[in-house]
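As written, the chains take the letters A, B, C, D, E and F, and residue 1 is the first residue of each chain.
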Amino acid sequence: MADPTKEESTAAQETAAAQDPTAQQNAQVLALLHRLFGESTFTDVEEPYGLLTVTTKREHIHNIIAGLQQDTELKFHFLTTMCGINYPENLNQELGMIYHLHSLVHNVRLRIKIFFPLADPVVPTLTDLYATANWMEREAYDFFGIIFMGHPNLRRILNVEDMDYHPMRRQYPLEDGTREDKTDLFFGR
Amino acid sequence: MAVNDALAGTHKIIQEAQEQQGGQLVPTLNDFSQELTTLNLGPTHPATHGIFQNILQMDGERIISGVPTIGYIHRAFEKIAERRPFYQITPLTDRMNYCSSPINNMGWHMTVEKLLGVQVPKRAQYMRVIMMELARIADHLICNSILGVDTGAFTGFLYVFQEREKIYEIYEEVCGSRLTTNMGRVGGMERDFSPVAIEKLRKWLKEFPAVMKEFESMFNRNRIFMDRVVNVGPITAEKALNYGFTGPNLRAAGVDYDVRVMNPYSSYEDFEFDIPVGTNGDTYDRFLVRNEEIWQSLRIINQALDRLPDGPFHADAPHYYLPPKQAVYKNMEALIYHFKIIMGEIEAPVGEVYHSVEGGNGELGFYLISDGGRTPYRLHFRRPCFIYYQAYSEMVVGTSLSDAIVILSSMNVIAGELDA
Amino acid sequence: MESLSNRAKKLEKKPMTLAERAYLPAIFQGLSITMQHFFRAATKKQITVRYPEETRPFSPVFRGLHVLKRDEAGRERCTACGLCAVACPAEAITMVAGERKKGEQNLYREEKYAVSYEINMLRCIFCGLCEEACPKAAIYLQADKMAPPRYERDEFIYGKDRLVEPVSPDNRSKRGIQLTPEQADKLRTQMQSA
Amino acid sequence: MSLFLFLSFVALLSALGVVLAKNPVHSVLFLILTFFTLSAHYLLLNAQFLAAVNIIVYAGAIMVLFLFVIMFLNLNEETEPQKPMLAKVAATVSGGLLLLVMVAALRGVEPTGYNAATFDSQIGMVDRLGMVLFKEYSLPFELASILLLAAMVGSVMLGKRETGERNF
Amino acid sequence: MVDTRVPEIKSVPAPEGIEGAGFFATSLEKVVGIARANSLWPLPFATSCCGIEFMATMGAHYDISRFGSERPSFSPRQADLLMVMGTIAKKMAPIVKQVYEQMAEPRWVLAMGACACSGGIFDSYSVLQGIDRIIPVDVYIPGCPPRPEQVLDGLMRVQDLAKNESIRRRNSPEYQALLASYNIK
Amino acid sequence: MSLESLGWQGLVILVVFGISLLIATYCTYAERVIAAFLQDRVGPDRAGPFGIVQPLADAVKLFTKEEFFPSGANKALFIFGPCLAMITALMSSAVIPFGNFLKFGETVVHLQGIEINVGMLYVFGIVSLGVYGIMIGGWASNNKFSLLGAIRAASQNISYELAMGLALIAVLMMSGSLSLRDITLQQSVPGEWHFWNVVKQPLGFIIFIVCAFAETNRTPFDLPECETELVGGYHTEYSSMKMGLYLFAEYVNVFVASAVMSVIYFGGFNFPFQYELRSWLSSSQGLSIDAAQNIIAILGVVAVFAKIFAFIFFFMWVRWTLPRFRYDQLMRLGWTILIPLAIFNILLTGGLITTGIIPEIKQWW
């Protein structure tokens, strides 16, 4: 779930975006999205810095991305990146996945977010749609412990196999904890 | 729809695809050399440059399957970035794709500028373009000459490395460091080009084409080299897109996707240059595309240098751009700004921004989520190497060990960017 | 795939000609190139810098070994504000601030000064952020000195004894605020009389 | 004479080594040593060409391929299949019979020894050998070459992989 | 150019374990030491940025071959000098140690750059905070990455070590104790 | 042969042995300096003046390095491998004629280790054995990279030996002799100094030199040890002097290959206008015919070494210029290009000899 404070910044942009060609493009894309997958599928439609951002539920994410990939009009057939995120304060929506899609032909980008509880971090995989999703999902699993149903090889990718936590979750410290040569913790660190 | 239902058949598709490949590639039982050997390529194998491991199943010298393992220099960039103020992330980006640090630096600065809404003056933009294109040349030079080294021709590498050394000199003149440049600041450059830097740059622009021509004539039409690279490790455009290829590797497959043209940043729309594309995405195409990109980058640098506008080299943004030292001594306001910026207490708006630049290896994206604090709430790097290296295990199937090494070096996998 | 940008330049991959298929022309071309380099190396000036006998010129903005500057009067400029330590991404700088006592005015420029100031050179990444952060122009990364390699880990904790600029004006770093010749002369006489 | 005795001793010893060595690689190396001593014998008999060709062809090429295959298959004691008793008996019997035949055949041979009158220092030289091969024995020579050609064609056919596969 | 070499160290101090009786270099030892010093074949264990600067050191402008070290031995058996360049993550640490164990005596270790020496800016859960936690390091080169000049300086420091080392140092109980403290062999 | 000349011959053998070793030693230095110069560098310059004692430093270091035996390796064969490589490399220089003869009164000293009338076959036999050193060492190391290197070496050497032999057969057809000394002498008919075999057999020479590169495992055919693919190939597991022996054997092989090429194709110890020089020396300078001959012989030694060094330089020059082949391409080159070319060369030579275009060589000496 996006931050509540975000509304201010988006409101400021709205006026500027009215004349913007990207805003018009985004409006078209949004209309198509609504037509294809139903208006109720998407919540929280925003356009921070000209990039259409929609939030949906994890039940729909596979269908939406598959539909976008196959759609001949939108041609969103490039998965730019995906990453996990952790908001420990948002109850039952602690974890999230953020997908960046790109329609190379129309040169439009789309950001899709899903949020789900920490206790049930299960998300459908995209490996059947995009080969590139394989490692990105492994990375998200490694960092956040998000489990991708149907992933062919969901193992840790960057960290050592026997690591027992998911380090990018916000509760875990960054530091190694073993260093000896750095003792000062003053000056606002 | 339930999650599990949505997923029905996912596995099947992948399995089918694998079987389809397997049917052709796995030798039949009556094949004499059925016995497969497992060869551990890396992590300290000389051809893996950076550090990653490939466990190859080999039938004699033919590769049946390759399983890559990465993460050997995982440094937790994204986690560190959550604990560092914006300006301290620049040194981190240096070390991501260390073959072309300035591009990473500039990409990061532009991301923050986009977040903060800072307008960078034209001169700074042109200066950035010059440095980014220099970095691109340096990156491609390394990649192509290392391809030469991996095919056994060491000398070409040393010839072009001299040019890289000169690029280092220019970097040093501009920012004070050779490799991990920490160049530029949010809002512009940290200092203007010195006359020496411009002179060195002009001199280099004059000398470099001859060396580049020599390098090309040593390799481009040499049959030994061509035999090693033509039709080795080809990848179709569809597959490349599916694997998320960007940059020279995608262009070698024939797709003219270039962030500089599609989403121009830092005044790239002012310059005239072509996007070289290859035909079938094999190693030779990747080599040629990189070589041609070097020429195109030279074109851009020449244009930018000739048209370098006058004016300030940084934005007039006292909230984000450090005041000059002299002002800090004399001016209370400047001193306050100085303290605030250094302590990281700049007023970053809440929001999220994705900005991508054309890095040495493709679309280098920065996805920054700011919650208004002094550090990013989350910073995700779209690292092109990480994304396209997963195609490697598919590309090497059916080739020989020598091919596998050539493919690897032509993909220009930079360990720092791969593992982040 | 259709063109995305209309600026694509298709690289042609010509099939090898008969001569190219015979290996020899390219081999001779390659051999002649390397031979040119051989003669160039043997006759003209070699580009190799015979370090340590010869050295390459560094750029004046090169970020080398740190120095804590003194001012015109030979006083330490550092006021132990801690900005450099905050700015350091490697967290390599440690300092302890102290109040200047009476009679130390000729040693320290400000009322606060660094009792100890340590930089861990092994951690330091020479990014130059400390130099930028310093509001007193006290810390500089010298353009002409590099941190030397050493045998022991402990030797890399650079304290004030090694960081503070030597008193002799001739050994002063070129970075930072430069003395005018008159100031230098004045300082020299001061030092000699002291 | 002492040289001859020494060489024969080494030859026999290494030939025994071929049979007795547990490690197949050692066997092959002993066999190479045997070829060496045989070549030395040829030299003693003034057949320089034969000696050189023996080394080049047998020791230098054929045995390399032998070694190649053995190294590739990585044979060792564990992988050695246990042979049935019957096979061992049969092998001993047939070996003994072979020995018997050879002894019987060579029993009547009289060593001629050195005769200064008939000695011809050029007898083992290349040109003499060529003359003999291409004049007196030209038909067997050609037959042998046809046999080798047939074998070569056969091995190429066997070694050829299915179409569509890359062959290396 | 101001002198950049170590000003404080006048004579090379004996590293741990080579002092004491019976360890004075004889003339044979001197010859062997000089020979070893001039033929340090490096094993470039390059993981990241520093590896690129090592390439620069090998390149024409600096030319590490002048020190007799241009033959990189990627096989640890043949290498004399393990040059660890770049970040060593915890995933990589066992491999570094293994490579060190595979090297034949005499062997030296050069930690190049902040990451290898101490972890540098990467004070994170995944990065080893200095390779001297797993293998003994002879010479540290600071910098991120060090300039080729510094690399050559470091190489010369290793040469000094090699020159002054007793042949028997590697059999000495002190050296064995050093290795044992790292759990090697 | 008198006892005295036997003693002289022994001395010659020793000298040849020593020279082979010395040249191999300094080949390592030459390789480094030449590579450096080709690459705009300076090469070793800190070990002695111009780095001249660099090879000695390497040797001493290798000798004092720790012996190492990999686990699971066959220890005896592990030691035997490099020894064999070195022995076979050194043996082949025995039959190379480094010069004509010196004559002191009645004593004639042939500047050649031993003269046997199948000298060429001898060289061939020894060279074909050289691969055992690599194979045994590679196999005994119990390492996959080593084994791959050994296998590559074996198949490469056997394949290229064939083409090499076939290329030489054309020379033999013209010379009618297998003795290297005969072949050398034939290349210099008095008054016709340009009678080197390379003029008559250009195609054969090209095939031969390509095969020589392959047989010595040098770039572009250095697949058995290519660094970027197999780490060190067959010598990956070797440390100390055993590894030094392998490196050394390679340089001895380079030396021998250069020597064979200069003897067979470039007239060996012959040099232009030697007969004119000899008659000039003996007639107008008043030297005895023996003394004049001795001077010519010594100049011949200089000539043959000049040729050898030129070839060694060429070996290094090529090594630092060309990329290397892939394994299958190498095989294809050997079997489908070089061997048919060599056979064509034989047919061509045969045709030219029967039609009389190449005159039959008469033994004029």
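General remarks:
Note that a contact is a pair of C-beta atoms (placed from the backbone, for glycine too) under 8 Å apart; a residue touches a chain by one contact, two chains touch by 3 or more.
All values reported here derive from a predicted model rather than from experimental measurement.
In terms of the distance between Cα centroids, chain B is separated most widely from D. Taking each chain's centre as the mean of its CA atoms, A is the chain most distant from chain F. Between the chain pairs A-B and E-F, more C-beta pairs are in contact across A-B. We define each chain's centre as the mean of its Cα atoms; on that basis chain B and chain F are separated by 47 Å.
Chain centres here are Cα means. That of chain D falls 29 Å from that of chain F. In this assembly, the C-alpha centroid of chain C lies 52 Å from the C-alpha centroid of chain F. Note on chain placement: the centre of chain B and the centre of chain E lie 31 Å apart, centres being C-alpha means. Looking at chain D, residues 72, 166, 168 sit in touch with two or more other chains.
For chain F, residues that reach two or more other chains under the stated contact definition are 36, 38-42, 45, 227, 231, 320-322, 327-328.
Multi-chain contact residues of chain B (touching two or more other chains): 45-46, 61, 71, 74, 76, 79-80, 91-92, 94, 155, 158-159, 162, 180, 218, 222, 224-225, 241, 255, 257, 262, 343, 400, 419. Those residues of chain B that touch chain F in the shared complex are 37, 39-40, 45-47, 61, 148-155, 158-159, 162, 218-219, 222, 224-225, 227-228, 400-403, 405. Residues 34, 36-42, 45, 317-318, 320-322 of chain F are the ones that touch chain C when the two sit in their complex. Taken in their complex, chain B has these residues touching chain C: 84, 87-88, 90-92, 94, 155, 159, 162, 169, 172-177, 180, 182, 190-191, 194, 196, 214, 217-218, 221-226, 230, 237-238, 241, 254-258, 261-262, 273-279, 284-285, 288-289, 292, 322, 325, 328-329, 335, 338-339, 342-344.
Looking at the complex, you find that chain A touches chain B at residues 3, 5-6, 8-9, 48-49, 51, 53, 58-60, 62-63, 77-81, 83, 85, 98, 100, 104, 107, 109, 111, 122-125, 127-128, 130-132, 134-136, 139, 143, 149-150, 152, 156-160, 167-168, 170, 174, 188.
Residue ranges on chain C touching chain F, taken from their complex, read 27, 30-31, 33-35, 37-38, 40-42, 46-48, 50.
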